[in-house]
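Labels A, B and C are assigned to the chains in the order they are written; within every chain, residues are numbered from 1.
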Amino acid sequence: MAYEVKIEHFEGPLDLLLQLIESEKLDITSVSLLQVTEPFVKLVRENHGKIAPEDLADFLVVAAKLVYLKSKALLPSLHDDDLEEGPDLETQLRLYKTFAEAALKIAEMEKLGRSSYARTYRPLKPEVSFIPPEGITGEMLRELYRQMVRRLEPILALPKSSIERAVTIEEKIDQLRTRVSKLLQSSFHRFLSESQDRHEMVVSFLALLELVKQRIVSVEQEGHFADIRLHITTSV
Amino acid sequence: MNLNSLLEAILFASAQPMSINKLSELVTRDAKEVEQALEELKERLESSESGTVLVRSGQMTELVTHPEAAGVVRAVLKQELHGELTKPSLETLAILSYRGPLTRPEIEQIRGVQSTMILRNLLLRGLIEQKEDTRLGQPTFGVTVAFFKHIGVSGPEDLPDYLALRGHSAVEQALQELV
Amino acid sequence: MNLNSLLEAILFASAQPMSINKLSELVTRDAKEVEQALEELKERLESSESGTVLVRSGQMTELVTHPEAAGVVRAVLKQELHGELTKPSLETLAILSYRGPLTRPEIEQIRGVQSTMILRNLLLRGLIEQKEDTRLGQPTFGVTVAFFKHIGVSGPEDLPDYLALRGHSAVEQALQELV
């Protein structure tokens, strides 16, 4: 696949997703999201160690959303409250792109080195006076010091709490996979029989063909007219 | 003396960013008149081809050297060219300069990645600051005068596509869905 | 950019008298051209009713505030000295009381915010002072004896919970890890 060589450096999950879509010269649509699901998941898996631990959870969230979207394309009945929650990926990516492009323009401006500078500060009177704040006490200083400590603590705990979050999301993706494969190991016959009417059956069949084409689903058939077995191939 | 010339003298003497409120206190005129006079000052500096410009970011304003003089001024101040901003820094600064002030969760929704450390770095460099307003109990952040000085513009409206992005209805809608 | 605007930017940034020779070196133009441009600058400042004027004394020249603004400029400097201390300033005093002396970058690591202007103000008010030690080429700062006296303690050891707070692990970790 073409992207394997092109994408070496990415800053966040949306940056990676956008690079994948752009390297394939696609627009941001729900269909193109499905198309880049596999390379996305693959790149996240391969770069597990290189992604900053505090960012990993966010990459996994996007991976989970993509796998979910793809699974839903296959099994419209699939529903997961957690993964439905929050902004839809397409909107989020469009918005991100707007600012990523603005950031590039700002980078160009920065490169010109046309900075403005403040006037050098030179105190008028070199002799220092003593002008203390009114009503300050040792207790107030202690409280201020404690406030600063409280501000620091979550920052220092960040790597640990992020790793914990990443584990939770990885479990979520596993659950999703299990559910999808269970549903899919059901035969093609059952897959189609879930359709309400003939029209829906055709749609399901076309959807399935598309998924096979995209290599999300592999198809096995033991003989002519035997039941067709489906397997999901997308994994994390 | 004109109010705008008086403000110029104050900003010159203080050699740091000052808030509209503080200026208004010092000259005992209301904030609106000060705003108006700062606008006049900005225009006068431009039209007289001054070597200084007025930079504005929200309530703060500062008198600084003209971006075109950057090279020589750096030599006078014996300053190095500041390190290049990283991509995540630029992204966050772009989001905050076009749409700020925003809370950390709002920034994270747009960037799709936790932003605690990047905000901390930008605060340490003085390129962003915590604003007085909070939203849903979260502090909000906005870019500082120092950021505009760094890239050599006099305020957010001088950024490329500012008006388009600031008022963009698609952006507006998406932000509302996100946050 | 005009030579006279460039000279204005230099004089503004350096904030001290400069010689014609030095200016001429900086802009790589001969002294005569610089003289000429300074004359133009002087006239431009006058005719545009600038809040600043160019003063000349022999070879030396300096950009200063307009004499008519003297009153308000004094008020600016007075306010800087006597205004109420902001929360960030008080925080900085708290860190330096318990954990000083520290360098500016160290203070910033603990506070998570750029602190140049705050240190400048606290120095000016005699609440902190530069200590003899330097660390990694940076000067260190500590509170003054006068400040300790003012809050009624004879030294940091008398501050409430001194030992626990001075060596607090979060602060130590911030100083070591968050660089």
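Rule of thumb we're sticking to: a residue touches a chain if its C-beta (ideal position, glycine included) is under 8 Å from a C-beta of that chain, and two chains touch if they have at least 3 such contacts.
Keep in mind it's a predicted model, so treat the numbers as computed, not measured.
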{"item": "Furthest chain, CA centroid comparison against chain C", "value": "A"}
{"item": "Of A-B and A-C, pair with higher C-beta contact tally", "value": "A-B"}
{"item": "Chain nearest the overall C-alpha centroid of the shown protein atoms", "value": "B"}
{"item": "Distance from the mean Cα position of chain C to that of chain B, given in whole angstrom", "value": "20"}
{"item": "Mean-CA-position distance for chain C and chain A (Å)", "value": "44"}
{"item": "Rounded Å distance between chain A and chain B, as computed from the means of their C-alpha atoms", "value": "31"}
{"item": "Numbers and ranges of chain A residues touching at least 2 other chains", "value": "117-121, 155"}
{"item": "Multi-chain contact residues (two or more partners), chain C", "value": "12-15, 77, 112, 178"}
{"item": "Parts of chain C lying in touch with chain A, wherever the complex brings them together", "value": "12-16, 77, 81-82, 84-85, 87, 89-91, 93-95, 97-98, 110-112, 120, 123-127, 129, 144, 146-147, 150-153, 158-161, 165, 168, 170-171, 173-174, 177-178"}
{"item": "Chain C partner contacts - residues on chain A that touch it in the complex", "value": "117-124, 128-133, 136-142, 144-149, 151-153, 155-156"}
{"item": "Sites on chain A touched by chain B in the complex", "value": "11-15, 54-55, 57-58, 62, 87-88, 91-92, 94-96, 98-100, 102-107, 109-121, 154-155, 158, 162"}
{"item": "Touch list for chain C against partner chain B, complex", "value": "1-2, 4-10, 12-15, 26-27, 44, 48-52, 63, 65-66, 68-69, 72-73, 75-77, 79-80, 108-109, 112-114, 116-117, 178"}
